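Per-chain numbering from 1; labels A, B, C and D assigned in written order.
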Amino acid sequence: MPQPATATPPAFVTADPTWADRVRASFARQGAMATLGARLAAVEPGYCAIELTPRPEVAQQHGYVHAGVIAAIVDSAGGYAGFTLFPADSSVLSVEFKLNLLAPAQGERLVAEGFVVKPGRRLCIVRGEVHAEDRGRRTLVALMQQTLMVMHGQPDP
Amino acid sequence: MPQPATATPPAFVTADPTWADRVRASFARQGAMATLGARLAAVEPGYCAIELTPRPEVAQQHGYVHAGVIAAIVDSAGGYAGFTLFPADSSVLSVEFKLNLLAPAQGERLVAEGFVVKPGRRLCIVRGEVHAEDRGRRTLVALMQQTLMVMHGQPDP
Amino acid sequence: MPQPATATPPAFVTADPTWADRVRASFARQGAMATLGARLAAVEPGYCAIELTPRPEVAQQHGYVHAGVIAAIVDSAGGYAGFTLFPADSSVLSVEFKLNLLAPAQGERLVAEGFVVKPGRRLCIVRGEVHAEDRGRRTLVALMQQTLMVMHGQPDP
Amino acid sequence: MPQPATATPPAFVTADPTWADRVRASFARQGAMATLGARLAAVEPGYCAIELTPRPEVAQQHGYVHAGVIAAIVDSAGGYAGFTLFPADSSVLSVEFKLNLLAPAQGERLVAEGFVVKPGRRLCIVRGEVHAEDRGRRTLVALMQQTLMVMHGQPDP
């Protein structure tokens, strides 16, 4: 069975040695992540994971995690995956994203992951996946494709 | 200057006289909307508006409303726009949506609106817009295109 | 019934008086449009229409116009809608687009229209619609949302 | 470096032993593929590849393969990837797709691949990639995310 070429992300080269600190500081400033109870789970060059515990406060009408909350954590995961590769004096902006919802989001933990597919000087293309974990089982609940913009000369405050 | 044909939405015919009550009851069950401080602002056949007051608890790292929070309110607005046209014994599911972010979301009030473009027996296609209002000025901050699924025989609990 | 704010596109201001000639010359260089039998039907500031006659050479397996052919004409219509507003020494690039297929594309004529929603210095956001015309009846067959890039300093050859 | 879980597609189980013949027969009926000069390159359960030789007849204004032509081959590749898993008395319909263009499409050969991510009874979610091959080098030129519908009881003619 053929494999997607994007299966094995390339080894990305960072432009600024403080990439991990910059991502952590920026994430900490996102009030929305705190309100939703989302936590930064992992950050590597071209990669970021954000986790969330499903609970009624982030649910839609059937008790599953709301599609918009899934969007929020995977948009941030994608944005910070890209941000790891940006230069020091820049910030990151989501131009657009597209999200497919594949299965009800429930269980012990949601993990949203962003994977840079193509970094660029101005735009950066990212893929995202959200998995629900429950009693040792992992289910893909959402799939994302995202465009980021590198805001040169506009570092985070 | 030509106008989009979708500019004037058709006069939709509802399938169930309790559509407004069903939307209100379903919205009230969305814990995520309460957590974000979103309120149901209007509901009409094929249309729904949800409002949100920008504040640090729903912000991203620069203080603007987080793209995922924008996604959450416009996904719900779109979903309920569609739901007004669904039969009584059904519920609504977001299959996918695509969101473009056009301007920083800030000001006194955000209004997310969903407009049904094409209702169908199984799928329903919806457009969404999010505007920021500030001192009498209205700015388009996001544009959405969404696919809903009609879940026949599976009414909300 | 509320109307989308994007219903009435603003009166756009062009940056270069030769916008119509530039679009026509660029369209004429698109070999793919000639191969598909697509014709430039109208161009105005922030707007472009491209038409196509449905026939077996552009069909999918059931005889309707192929989704990819619909994508081709509405991507070009959107791109040239944006291009009318770009400066003289620039060219246009599609960053991404999203297309919903709403009904079988058949009949006497397809018309793909692009409407600029938000022009910008680097990016330009466009909406697209494709209608099928048949015996005086018009059916919306596809809906698009698109991001263009302004390639400054890189005019068409 | 973490890998996307969708990197290794599952071993899909087909519902109908004639899946390969059905795909080939359906592809042969797509007049648009013949007009564009696209060829079926490979088909496996949950996977399909379509190839195209870049040439002026499928180009946009700068001589690269038109985004809409890229859309056409990757939409077909995705659709047939899904179709391999559909039951015998069904056909396939593209509900929507989203395409990011990553690099100019040029070279000796374009290969569009569709990979099923999640098959379902009614909907099927597919990822797509398009690579350009030139003198032994492979460049990712486009990335797609697609929703298909299973049309039960409506086999191809």
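As a working rule, a residue touches a chain if its C-beta (ideal position, glycine included) is under 8 Å from a C-beta of that chain, and two chains touch if they have at least 3 such contacts.
Being a predicted model, the structure only gives us computed values, none of them experimental.
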Find the chain most remote from subunit A, comparing centres computed as mean CA coordinates. C
Weigh B-D against B-C on C-beta contact pairs and write down the one with more. B-C
How big is the rotation relating subunit A to subunit C when the fit is done on Cα atoms? Please round to the nearest 5 degrees. 180
Roughly how far is subunit B from subunit D, centre to centre by C-alpha average, rounded to an integer in Å? 32
Distance between the CA centroids of subunit C and subunit D (whole Å) is 23
Counting in whole Å, what is the centre-to-centre distance of subunit B and subunit C, each centre being its mean C-alpha position? 26
Multi-chain contact residues (two or more partners), subunit D: 95-96, 98, 100, 147
Contact residues on subunit C for subunit A in the complex? 95-96, 98, 122-123, 147, 149
Could you list, by residue number, the parts of subunit C that touch subunit D in their complex? 26-27, 29-36, 55-62, 65-69, 71-76, 91, 93-101, 156-157
Of all residues in subunit C, those that touch subunit B in their complex: 1-9, 11, 42, 44-47, 49, 98, 100, 102-103, 113, 115, 117-118, 125, 127, 129, 131, 138, 140, 143-145, 147
